[in-house]
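Chain naming follows the written order as A, B, C, D, E and F, and within any one chain the residues start at number 1.
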Amino acid sequence: MDKSALQKGRDYAAQNLAPNLEEILGERYDGLVPDMSESLIEWAYGRHYCREGLDAKTRQLCTIAALTVLGGHTAPQLKINIEHSLRSGASKKEIAETIWQMAVYGGLPAAINGLNTAKEVFEAQETQ
Amino acid sequence: MDKSALQKGRDYAAQNLAPNLEEILGERYDGLVPDMSESLIEWAYGRHYCREGLDAKTRQLCTIAALTVLGGHTAPQLKINIEHSLRSGASKKEIAETIWQMAVYGGLPAAINGLNTAKEVFEAQETQ
Amino acid sequence: MDKSALQKGRDYAAQNLAPNLEEILGERYDGLVPDMSESLIEWAYGRHYCREGLDAKTRQLCTIAALTVLGGHTAPQLKINIEHSLRSGASKKEIAETIWQMAVYGGLPAAINGLNTAKEVFEAQETQ
Amino acid sequence: MDKSALQKGRDYAAQNLAPNLEEILGERYDGLVPDMSESLIEWAYGRHYCREGLDAKTRQLCTIAALTVLGGHTAPQLKINIEHSLRSGASKKEIAETIWQMAVYGGLPAAINGLNTAKEVFEAQETQ
Amino acid sequence: MDKSALQKGRDYAAQNLAPNLEEILGERYDGLVPDMSESLIEWAYGRHYCREGLDAKTRQLCTIAALTVLGGHTAPQLKINIEHSLRSGASKKEIAETIWQMAVYGGLPAAINGLNTAKEVFEAQETQ
Amino acid sequence: MDKSALQKGRDYAAQNLAPNLEEILGERYDGLVPDMSESLIEWAYGRHYCREGLDAKTRQLCTIAALTVLGGHTAPQLKINIEHSLRSGASKKEIAETIWQMAVYGGLPAAINGLNTAKEVFEAQETQ
């Protein structure tokens, strides 16, 4: 029998992100929105990141492109996805290039804010 | 001596897009905005697409991700960049996967509108 | 055993929208994006609209508010959701009031474009 | 004689929000933008919230939906409107459900940022 | 006694735009949203365009800048405001320059879509 | 021979902004994105601000309009451009009027956030 999307998402998160991601989300959000953690794992990881047809690294860089042009209100998600991109094998250079290219499509402010977020993540990792 | 950004952009456009792209833009826009065509070639192609550090295909897929989440008002640009993506070696599958993943970040309407645009481009090519 | 989110979404769509919605989506999108129809039904209807804690009509009006401020690129989705709102028991007046209030938050252009879309839907229904 | 929109807005604010809202706004903004406070009261409350055809609670939840999808730059306004929504009779559950549903239309980052703002407001109230 | 904002808006529209603007808006929208025409005239013209401190032409060019970066979904409003800008004394050149500068802040797609809208308005006027 | 866009941008920045702007940008960003500083100076100042056809002050006010409606994620850029606007001869009143007018097009939250940013800049200057 095929695995459900929820199970696929759980497997993807355990292998690629953090084994306890659903638990962390659940502690933070499920009291307010029942099943939010389960729902997010199923949708984002079970229905998207685990799909075939596009490799994980390119998926991550596309996410970074999108979060950059969506503007600084997505800075928290951009940070997390820069970390996920490094883990998926993208280099700092590839991440920076992806963000800077967005100056063409989303304008300079979005690209500069994105670079500032990337610098913050890279510098935090270096001081660890 | 280093090539200027303008020259790099012209070389990139000639090799990868259309040899007369600057001319087409010039005829359409330079009467209204002097040097618009030159400026666009320099900035988009000479300062971005010809850069090192990220391959052409990934650059194109990131562009598609960005144009998808920016919403349907960028449909004309999304169309052009789907064509450019195919030319850069991306498969239809990779393009469709990129667009659909944006449902997570930009919402379902943006992703569905993006898929509709992709279908239009793919179907137009098949009937050629 | 609890119903899966996918099953809940299918039941919701069958009872409240169109019995063949998944099929229609599948014919249009699954060739390009495998399982897109299933995924949309699961996420939008199984994970959101069928939730407890907020009645269907209010959910629909909130959707209309969101699609209005997101701008005209969501006009196709706004149309569909105006129809769904009427079906959920919202009156034309409530729908129009929801859209117009968005002038405060998303600006006049978004609200006026939203009213134009609503007029189109209402007039199409009257001439049926 | 009909009340002017300005008078209606003043009455609405006095009854439903804060009796001195116009004064607070005036002290903050009128030095920079003469009559800003009067203008805001007239437009937002006299021309929108006091309208017939949609109850106050639904109006507030629609506002929350809009502010959520508009992104985190509206976090200050989202906070204020979560407070206004509670005062209009909406439950925490209804507010959280409204925000989470926006994941479908505005994407996960907007919804998660919205939930974070709601948690902040709810927690601040509990510690009072 | 001071004129009300509504009266100021009516005077501004009559002198600078069209004497029957409120009537046109009323015929189109007031059936759906009672007093929408009055409300729009009061807010946009009585509370904004008639203000002191910034000349009409600069106000109009700022509006064009905003509508350009907000994206193509505001094309109908951009058209109307290009016409209003010409009437307020702005040249075609100033309008085109304003739109093109937005490539820096809103990205190339928004600027190109804006130029396309301007070309359409200018060409329609030339063929009259 | 015509000056290159890069040279024009450098001259513009030296005369109107800060003589060492490219250096500051370079120290911050060029390690991550080679030539970012050069590219930004060329595009923003050499290809846009130094253009003929629209005076510097109006260009700046249009930039403020755009950054206001793009939302609070552009607050850092709005701050810088309010300073540039004052330097280009715009008064505080003109800047505040430009921002407030955006309530019509981008909604009240964007305008209020913009006014808050302006107040911050003006107050910081007064305490110097």
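As a convention for this text, a residue touches a chain if its C-beta (ideal position, glycine included) is under 8 Å from a C-beta of that chain, and two chains touch if they have at least 3 such contacts.
Here the structure is a predicted model, which means the values were calculated and not measured.
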Report task. Please decide if copies subunit E and subunit F contact each other with the same set of residue positions, more than half shared, or with different positions, and reply same or different. Result -> same
Report task. Quick one: point me to the chain whose Cα centre is farthest from that of subunit B. Result -> D
**Report entry** Fitted rotation between subunit B and its twin subunit C in degrees, CA, nearest 5
**Finding:** 120
Requested in this report: Tell me, please, which chain's centre (mean of its C-alpha atoms) is farthest from the centre of subunit A?
Outcome: E
Query raised in the report: How many Å are there between the centre of subunit A and the centre of subunit E, using C-alpha atoms for each centre?
Result: 40
Requested in this report: Could you give the separation in Å between the centres of subunit A and subunit F, each centre being the mean of its C-alpha atoms?
Outcome: 31
Report summary line: For the pair subunit C and subunit D, the C-alpha centroid-to-centroid distance in angstrom is 23
Query - Numbers and ranges of subunit F residues touching at least 2 other chains - result: 43-44, 67, 69-74, 77, 96-97, 100, 103-110
Report task. For this assembly, give the contact graph shape among line, ring, star, complete and other. Result -> complete
Query - Residue ranges of subunit B in contact with subunit E within the complex - result: 28-29, 32-33, 36, 40, 43-44, 67, 70-74, 76-77
Query raised in the report: Touching subunit A in the complex: which residues of subunit D?
Result: 71-73, 75, 92, 96-97, 100, 103, 107-110, 112-113, 115, 118-119, 122
Requested in this report: Flag every residue of subunit D that touches subunit C in the complex, lowest number first.
Outcome: 43-44, 48-49, 51, 53-54, 58-59, 61-70, 74, 77, 93-94, 96-98, 100-106
Query raised in the report: Mind pulling up the subunit E residues that touch subunit A in the complex?
Result: 69, 103-110
Report task. Within their complex, state which residues of subunit D touch subunit E. Result -> 4-6, 35, 39, 42-43, 47
